[in-house]
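Next up, some structures in structure tokens.
Shared between the two complexes below is subunit A, which has subunit B as its partner in the first and subunit C in the second.
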Partner chain A sequence: MSEQATPSANVPPEQEPSTDFVVRLGVAQRAGGLVVPVLTAVLAFLAGGIVVAATGHNPLTAYRGIWDGAGFNWIFHIPWNTNTVNLDAFNLSQTLLTTTTLILVGLAVAFPFRCGLFNIGGQGQYLVGLIVANWVGVSFASWPTLPHVLLGIGAAAFAGAAWAGIAGFLKATTGAHEVISTIMLNWIAIWGGQYLFGQGGPLQNTYNTAAPESGTVVQSAHIPVFWGNPVLQGLDYGIFVAIAALVVFWLILNRTTLGYEVRAVGFNPEAAAYGGINVRRKYIQAMAISGAFAGLAGALDMLGYLFQFGVLDVQASQIGFLGIAVALLGRNTAVGTGIAAFLFGGLLYGTTRGLNPSVFDPSLAGNLTSMIQGLIVLFVGADVFVLYIWNSRRKLRPRRRAEAAAA
Partner chain B sequence: MKKSLLVAAAVALLAGLVLAGSGTAAPAKAHATFTAALVSDIGKFNDKGFNEGQLAGLKRAGKQLGIKTLEIQSNSSSDYLPNLTTMVREGANIVSAAGYLLAPTLSTVASQFPNVDFTITDDSVKGADFAKAKSVKNIEGLVYASNQSGCLVGYLAGEMAKAKGGKQVIGAVGGIEIPAVDDYIVGYNYCAKLADPGVKVLVGYSQDFVAQDKCKTVAQDQIGQGSQVEFQVAGGCGIGALNAAAGAGIWGIGVDVDQYSLAKNVLTSALKRIDVGIFTADKQAKSGQFKGGSDLLFDMKNNGVGVGKISPKVPKGFITKMNQLKAKLISGKVKVPVAKGSDLLGLLPGAHVGPTH
Partner chain C sequence: MADESGSVLELQGITKRYPGIVADDRVDFDLRRGEVHALLGENGAGKSTLMNILYGLTKPDEGEILVGGKHVSFSSAKDAIESGIGMVHQHFMLIPVMTVAENIVLGVEPVRDGVLLDERGAEERVRELSQQFGLAVDPTALVSSITVGQQQRVEILKALYRGAEILILDEPTAVLTPQEAGELFAIVRSLQADGKSIIFITHKLNEVLEIADRITVLRRGKRIDTVSRQGATEEGLARMMVGREVLLRVDKAPASPTDVALEVKDLQVVDERNLEKVRGVSFTVRRGEIVAIAGVDGNGQTELVEAITGLRRIASGTVAVRGREFEGHFTPRMMIDAGIGHIPEDRHRRGLVLEFNLAENIALHDYDRPPDSKRGWLYPARLVQRAARLIKEFDIRGGGPLTLARALSGGNQQKVVVAREVARNPVALIAAQPTRGLDVGAIEYVHRRLVAERDAGRAILLVSLELDEVLSLADRILVMYEGRIVGEHAAGAGEEEIGLEMLGGRKEAA
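Moving on to the complex of A and B:
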């Protein structure tokens, strides 16, 4: 943790007060504080509001529409009306459904981050999990629900782990950068999915040849719904699996030797190696665990509410990439990722499906999510950038003074 | 100290919630105004074609019928169900699903909301897509006689090939060999031979509706065999066929919407007027004439299908002859065949199965 404290330690005592903010920002950011993520989100929403205003809409009305669309206004029901015939309750259940996925794809980015790896392959690992879960869900029709669901989830998590493990293995053995290899693996997963579900593909169903798609998951592999109409995409028990994954993430990182080693490699791989940690092995393990989270996300989606996936869906699916923003905003911690996933879940659902189209044109609003997502990633990157600029300015100043004196 | 601050904050938050809550306490939606809704497929509303056309129909219904309209975009297939149900919960009286991709979801949703009317564009409620549905009594299919628009463009293609002389060959590039695609091609083939009995019609399938390069390959293969005109029936993939035609200096023909400006050398386009379907269904539903469980036919007679912009290089005489044929289609003197298994069988008067080439 020593290098974490360096920015504040470097601050000379004669620093003028105006610099305080930037330095404190740096301390807060490195300490995993709340200030920066909250500030980041607020700034992103403000900027989003300006764009909404520029399109001639009232930003407050739009955000209110998104808030309602996400079902957050449900908490104002006194007594709480849990009947999902009510639109607010339905919207909230759908937001939570999206949150489930986002928690897991967020963890898939957060875990390798702690090991100093940037996993951009969440989308590919998610798709692999989705495909495997679909195959298990379509097959074994005679199985009872519990083993069938568990098999689907387990197989998908394993497949995701293997998929991400390839990138970890390449990094460990050849030094191939994980950013490049995970992006490549995304494309292999996308094209592989298109082949498997596509025209004449091995997993294509036989009853709808007009729009090539996968088979439908049989009833016994459906994760039971506990809130809402099971026929109309109610909320299933998958969300508890996602919450359990948050706990597992925290436990692995903070209460196991593996987690200690992963964090040590994340802080400084050379130092970790000097300390006797097998760095290469940690790379493979971190990526595999990350892939298991993403694969699990795919399984919960497939067995929870999708049940079927078309070729066009393989191309259109983007949710794995949103995991990057979730992890960054959540500061790669368990609690942070959970909260960020809920925020993005609400935003994603509230700007698209849930949004009352008469409040704000949904084709515009859908882009608002992408924009806020982009801004958050930008700002999270930018606070590091601001610090960098600030530090280099301090280094430059004495040189300038010397130059001025010479002239 | 810290604890008391927390408590104070919590109290303030709760107070805020209660205050805000009082403002939103009336979620009940008024059903006083008639509301029509449209749910896009994953092509989205800015697709310059299928979805955008239907949205135009909905907007027109809103203006001309004085009804409230709602539209919602699907970004993935997991959006279909929440989108359809959200439209119902927002108080829509009629909800239109933009295309057969929504068919399985629509049959689920429609059975849960028996008091709401639903339509599906370019699909028959009696077809395979609804074979597994428990009931379709509140769903209306909007079916287009695409064989008739295929006929008119085929007639022009035949005339152009005949005028050019030499080897009499024209081609069609389909996405997948399904009735929705083959209806166009059967009409194209039939009427090309009305114009030019000696013409040979080549038919190929790209097995894709998206990847342009696949359609380009199929088209280039046909051009290599002497094709003078290439008719694309493969959605976005078919743009590749139009480009191949433009590259070889021969004619291309667009499909579904007016694709005149999408490539050079576009002769014309075979149109489905999907906006007309939405408008008509909304109008029906408003006046209580909605007929669930049946299909609504859109053909040449009610202007539901037609041809797009025709290249100014086409001789006036050809267009006159084509319009004469159009009149015969409307009067029923000429009966264009349809594809095997077509939704149009039993719906379009005199529909009978014909070959694609």
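Moving on to the complex of A and C:
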């Protein structure tokens, strides 16, 4: 996939490696692959369909309902009616709003993955970013929009980076496993958020002290909406930040020395150390960059459409965890994460508020989302198995080819 | 020996293609009753593919298999076993927690009372077989408790128990000590005397001349020739294997060392468990000489090399490169910049990032400086350009700059490492077991290269477990035993004396 591509155009023709399709597919498989993620998603949807059928509903109708609920049908209604009074257009704008968040929390998992680290702390880093963005958005009321929004986004990204950086630092200095420390940092963020927004908390609103909720972000810190009605949660410019983050992710990994180091450490820390790379420093840097992505997600949500967050919201929020499924399905690549985020965005919105209740009971559909999410994580986790079945022949090939070529 | 008795096995025109390559190209092979027929070829010559076809693990695209004159077609190893073919793989397929007898009868267990395993009967049968062929092994011992050599006998017994008349031994000596290899040869002869026919796969020339009656040489999927042992020479076989003259002896002029490039003083190193691994080692290596460290594995050589290259913290002492002294904590980066090149003993674990392509692997020490990168920005095209140049210069085959390192053969992978280290023009080149696991052609290449680099004025520190290699390459030999240098010899020193020192002989005498 894109991540592995070193520009073949620059290869002198006589050194051009074998480019037959199977070879390239093999490279793609090792890099992140095409077949497995697609197979994984299909299997997950099939399994979901069986469950739907078991409840006495028609799976096709249900999936059609989710499809429409996600606004995907809008794409096929040409000429496109961009007015969000039109339900399809509105649904799609909401799906894209969710996609924005999912891209960033997905990148927050994908980036450290490339360095051999598993960041389970996306949720905590997201919350930290959200809290800091809320604080910036409530304060500095006299600032003009652009610097105010940029300050909010920047501060949140920085806070997220620092938060995740703690786990990276602990890993580098004491060897503490990042899975454990990021999980614990999640809880600190969750309880910290409940304290800060709770009654008597430093970030509680000043106008209704009975409500355990944050203050409301002032108008100047709102990210402007470009599609839909700002009052009805229109789609803001944050999605372009997320798309830019995908590009940045790709650039860092493939066009910077840092990315080279991160990938080297991710593939083989011993060889990286032998090459002269400071492996411990890479752990800290990879986690910090990951946290910046998650913190950014929190900021875009807070300044894009939430504007306010309550203690109950802190408890209920789960979106950071979805980043794991997004990254896994996207095989930790930029393009893959983008596509997986869009898929999950549609699934998430299309099974909840976007879903026509007469088609399929939303409470049941919401569970379907969780189930498909779980199945994807399960299948991706078991991709060794999926790959084994798919590749049992092909696995042997590169080796034999090499053997013969070497003779 | 049994030349008149006709073929028990014939392969005719076997062809197997994989995308992009032909693993076996119309290969003919025949095996006579009671003979040892060696299949000789470099890694990737098509030996394994051919045997996998014979053993039913792979289907040929073309060609015929005849067993006892009858056409057969195998779709699984089970079919091959039923035709009396047994295979002993290079990597054993035994269950460590089960006994020898249980492993041998697995899948074809003798049964009593309809359902129960007849353990006594199994042991009896195994004992009979092992006596018949001189395969001494205790049927009641757990596989996990016996030596590698004995495990191999269990594998052979497994095949015999299933009625094998034809035995395929795949690189059987690769895992054995020289003594165990000698025992294996005795077993092979006794099997032969009993009328079994044996295919002996190897790339070691001396073994072939010791054990085989006839030798078939494969190169790049083609059968080059089948010769009888009488009249065959190592040089002749090597030429057939590699396709050109091979210098089995390293050809080198006497060294003319100049100034000191690498100086190690009183170096002490401890391992993770705080055990002293290097106990006060001092030596110098001058430009233009090869200093070899001989020793049995595990006497501190690995730790010594890791310490000199900055990969392992030293406890005390100093390392000086071209007079620049390092002590205390120094990093690999510092040593690389000081002018040390390092061919690590394990190219998979350390020498290469197997999932990186060759361009990325070749840039492993230089990715963070111009022209590879500037202010943190990497220029992959430049990595590719340099890699393309080095691939040509060092004759790396099997791929281009964008090929993953994993896809290359061992010899070519090692060439990538050598190319990377040498191209940086180091003052001192540390080569740790640089020919481990390589075949004849690749070994020759590495040896010649090391001598060439010596002649180009580099200081070479060679660490090797192979005494032959040390003796043929070194200008000076240091013997390491239990973390100390216990002997120093000039080139041309006697094998006996060094061998004794390697085992601590001299220390005890002193």
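What to note about this one:
Here is the rule we go by: the second predicted complex is superposed on the first by the 351 of 407 C-alpha atoms of A that agree within 3 Å, B and C clash if a C-alpha of one lies under 4 Å from a C-alpha of the other, contacts with A are read in each partner's own complex, and residues count from 1 in each chain.
The rule is short, and it goes like this: a contact is a pair of C-beta atoms (placed from the backbone, for glycine too) under 8 Å apart; a residue touches a chain by one contact, two chains touch by 3 or more.
What you see is a predicted model, and the numbers here were worked out from it, not measured in a lab.
Applying the stated contact rule after C-alpha superposition, one finds that A:Q199 touches subunit B and leaves subunit C untouched.
Residue contacts after overlaying the shared chain place A:L232 against subunit B, while subunit C stays out of touching range. Contacts of A:T257 after superposition: subunit C is touched, whereas subunit B is not reached. Considering their complex, residues 18-23, 41-46, 48-49, 219-221, 309, 311, 331-333, 336, 342, 344, 349-357, 359-360, 363-365, 367-368, 373, 376-378, 380-381, 383-385, 388, 391-392, 397-404, 406-412 of subunit C touch subunit A. Interface residues of subunit B facing subunit A in the complex, by the touch rule stated above, are 17, 20-21, 24-25, 27, 42, 44-46, 68, 70-79, 81-83, 85-86, 89-90, 100-101, 104, 108-109, 112, 128-129, 176, 178, 180, 207-208, 210. The part of subunit A that touches subunit B in the complex is made up of residues 68, 73, 75-76, 78, 85-88, 90-91, 94, 199-200, 207-211, 229, 231-233, 301, 305-306, 308-310, 312-313, 315-318, 349, 352-358, 362-363, 366. Looking at the complex, you find that subunit A touches subunit C at residues 6-8, 10-12, 15-18, 20, 22-23, 27, 30, 254-261, 263-264, 267-268, 270-276, 278, 397-407.
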